[in-house]
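Chain naming follows the written order as A, B, C, D, E and F, and within any one chain the residues start at number 1.
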Amino acid sequence: MSRVPDEGMVLIPGGSLITKTPEEGRALALTLARHTIHNIQPDLDVLKGGRTTYSTAPESLMHAAQVVALEFQTIAAANGYWRD
Amino acid sequence: MSRVPDEGMVLIPGGSLITKTPEEGRALALTLARHTIHNIQPDLDVLKGGRTTYSTAPESLMHAAQVVALEFQTIAAANGYWRD
Amino acid sequence: MSRVPDEGMVLIPGGSLITKTPEEGRALALTLARHTIHNIQPDLDVLKGGRTTYSTAPESLMHAAQVVALEFQTIAAANGYWRD
Amino acid sequence: MSRVPDEGMVLIPGGSLITKTPEEGRALALTLARHTIHNIQPDLDVLKGGRTTYSTAPESLMHAAQVVALEFQTIAAANGYWRD
Amino acid sequence: MSRVPDEGMVLIPGGSLITKTPEEGRALALTLARHTIHNIQPDLDVLKGGRTTYSTAPESLMHAAQVVALEFQTIAAANGYWRD
Amino acid sequence: MSRVPDEGMVLIPGGSLITKTPEEGRALALTLARHTIHNIQPDLDVLKGGRTTYSTAPESLMHAAQVVALEFQTIAAANGYWRD
């Protein structure tokens, strides 16, 4: 089995929800979602096989977008919505 | 592969969650959802193929509306619900 | 193609999340969900065709109710839950 | 067509999210979900037909429970969680 | 029809969202979800039949976990996250 | 039946939502989701059988990620987003 590299297994890369910009916060939301999945399924071959399936299925893309939206709610709140 | 143009890959266009009006905030919610999907699937041909499928399937439209609702929760909170 | 009339494309009709009563707030939640869908699929014939399908499928009705619940969370918070 | 009676079409019965007890708040959550569905599908025969389907399907029951949970989040917040 | 006993129909057992510990709060989240379902489907035989189906299907278990997570969000907020 | 060990049945291991770091908070989110499922389905053989199914299905992995995102929203709020 080809395993996800160690840095892909860290649940919160950087160890903080605080980011300098909304753009970085959004990128973190995508990373959090992806690393959750790495922790549940660390086999790279299974992940790559699945990627072809879900990245071409509109419903799955929407589901991924939903998870990102949920993670971003948390990160945006953590950063006071980068209001200032 | 025909790729999503660079501006479609920016996760938070404008770099801020703050908008002048609720209407603009809502438009941003739709954009955030769309750009997440661009980042997961940047192949324009795959995206266009999928669009025909999901935009005519009621369940998929509802799912899209759900993602927009979640994004809007964050944006509305960020803007203090445009109360004044 | 028969297109959704312009007023059906406005994302936040009235341009505000503030309503006089919970009943109006709830009606706005339904409208927001519907207008999101109009913006993704503005072809009235496709929408009407889909309506027959989803409005008779219990799972789809539930999904619609879920989206309305999410929109209402935002609108209710915007209105301080109409507490006074 | 046999139509949902008028009182079943009111979106927020009682016109308020404030309830005396958590139990009443929870009952309101169930009512809100049901009345949303009445507004999307007001034909009683279609609703009764669908009820047999979803009320015996575990996945649909779970979906209904999910909608109730979301409505209850709003109602509980509106009532300050009935803390005192 | 064998009916869910009366105590299984109470929507908020104990009549309060306040619990002494997070563990009790979490148990309440599970109970709330279950009792919602009892109120929609009070026939014990249907419930028991469905249980075999959903409790062995990973997707359904995940959906159940999702509903519990949503209920717990409300209960945890009600208890100030048991911070002290 | 081979049963989930007692420690896997505790709903909130450690009895608190407060963690020292975001990383630990995220790990707790994964644990909460898993232990909910243990409480609904305590048969280890059924769980192990299901694991093969869902951990190789992209949609199921996404659903798992969604539940974790929801649990993390609660835990992050409980910890004031580990801002200091």
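FYI, a residue touches a chain if its C-beta (ideal position, glycine included) is under 8 Å from a C-beta of that chain, and two chains touch if they have at least 3 such contacts.
None of the values given here were measured: they were computed from a predicted structure.
Asker: Which chains contact both chain A and chain B?
Answerer: Where chain A and chain B might share a partner, there is none at all.
Asker: Both chain C and chain F are touched by which chains?
Answerer: Under the touch definition, chain C and chain F have no mutual neighbours whatsoever.
Asker: From chain A, count the fewest steps through touching chains until chain C is reached.
Answerer: Contact-graph shortest path, chain A to chain C, evaluates to 2.
Asker: Do chain D and chain E, two copies of one chain sequence, contact each other through the same residue numbers, with over half in common, or through different ones?
Answerer: Under half of the interface numbering overlaps between copies: different.
Asker: Need the CA-centroid distance for the pair chain C / chain D, whole Å please.
Answerer: 17
Asker: Could you work out how far the Cα centre of chain A sits from that of chain D, in whole Å?
Answerer: From the centre of chain A to the centre of chain D is 33 Å.
Asker: If a residue has to touch 2 or more other chains to count, which residues of chain B qualify?
Answerer: 59, 63-64, 66, 70, 73, 77
Asker: Please classify the inter-chain touch graph. Allowed labels: line, ring, star, complete, other.
Answerer: ring
Asker: Under the touch definition up top, go round the ring from chain B by way of chain C and list the chains.
Answerer: Read from chain B toward chain C, the cyclic arrangement is B, C, D, E, F, A.
Asker: What residues of chain A sit close enough to touch chain B in their complex?
Answerer: Against chain B, the touching part of chain A is residues 21-23, 25-27, 30, 55-59, 61-66, 68-70, 72-73, 76-77, 81-83.
Asker: Which residues, counting only chain C, touch chain B once they are in their complex?
Answerer: 10-12, 15-18, 32-33, 36-37, 39-41, 46, 50-51, 53-54, 59-60, 63-64, 66-67, 70-71, 73-74, 77-78
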